[in-house]
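Right, one structure below, let's go through it.
Chain IDs A, B and C follow the sequence of writing; residue 1 opens each chain.
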């Protein structure tokens, strides 16, 4: 590949990464929860944890899934809860920052703010934090999260953290 | 065009789309309301609607304009209101996601959070939701919204929804 | 350079600019305050000011630093304050918009929302506004802010504006 090819490829990878982040957010926000596990590899790790626990390397997590089967179980549980407590959520995810690009895996991070809206209530802030991710990037196939850790800033577990971040 | 040309063109289109979204937000946030209709095609549709109405395909809308003339009328009305109730708004718009690129029109979406600040009050959240757009993309001329639907998540019409989203 | 080279170079510059903005935010949000002055040129101007003062060209500023030495002094002061009042902040910065690209300096802007979290309290909105920046962009060396003005929308100085925006 020429130098220009290399540069274009790097730019295209960054663009595709950005789209993955926004598509993930839109999947959750539109309530298409059944499609959510499809954003992860078969053996992916998904974790939602508070910043303090994360910084201290404590294993405590508000949500933890290992493998797509656990993600699918989670969807079933959430679907039942959602019937009783309908709410909508909205992610505003900043453009991701590439920490390392190994060619087949990108390590990347992005800040997020998540808002939620209950029926007949005004929209409120649910949580802010950042994603720490590993994205598996096969040529010509869908990119998926091999690891996604959502680290929220508060010590308090957001009380409506039923839904994934 | 070579494969590389095609790829660069696609990347350039995405970059230009992203800039349109941020320029739109900055136009409204800086109070340059006179310039706002210029972001739309002559026969554009602009609609602000609640998510529930939108999902049910109900025609109810908090704001509806068809054609640039109606957008310009809207600016006149808002300018009068703003004299009595000055406020500033601030959009934080996520990078847009391309849903379909037909070459001369791009269908795209983006999440937004809009904040407002009244004099001598702290800044507060006004609304979150997403844009569902059609952007007309002529070669060598300004890109404009042929359709912009701002879907806010709450059932409640934000009480200060004087200003466009 | 060919037309394609020129276009790729412009795209690469925009991508690099976007990364600078997210890296800046991540530096502050992760508490790596010592690294913060490194985002500025030796003779950089950093200013945090309210929108009304800014629009009227008033010199009033909530924070003002001229040169990296002043930025480093600021870090020392903040580090002491942080011991007494630990808090975390989180920026959600929209993609920057290029206002002018002079080849060696880019003038750019971006909307921001900043949230803060005190121990045992829920996360809250601290400030929204926009950056007005000049980024010095040497070939093959780190890009740095030659000027960064953070203009917040409220008239009220955010009471916890200890930390830079």
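The working rule: contacts are C-beta pairs under 8 Å (C-beta built on N, C-alpha and C of every residue); 3 or more make two chains touch, one makes a residue touch a chain.
These numbers come from a predicted model, not from an experiment.
Engineer: Taking all residue numbers at the subunit A to subunit B contact, is the shared part over half or under half, that is, same or different?
Structural biologist: Both copies touch with mostly different residues.
Engineer: Subunit B and subunit C are the same sequence; what rotation (0 to 180°, nearest 5) superposes their CA atoms?
Structural biologist: Answer in degrees: 120, to the nearest 5.
Engineer: CA centre of subunit A versus CA centre of subunit B: separation in Å?
Structural biologist: 26
Engineer: Tell me, which residues of subunit C touch at least two other chains?
Structural biologist: If we look for residues of subunit C contacting two or more partner chains, we find 4, 8, 11, 92, 94-95, 113, 125.
Engineer: Residues of subunit A touching subunit B in their complex?
Structural biologist: So the residues of subunit A touching subunit B come out as 4-5, 8, 11-12, 15, 18-19, 22-23, 25-26, 29, 88, 90-95, 113, 115, 117, 119-125.
Engineer: Where on subunit B is subunit A touching in the complex?
Structural biologist: Residues in contact with subunit A: 4, 7-8, 11, 14, 51, 92, 94-98, 109-113, 125, 127-130, 152-156, 158.
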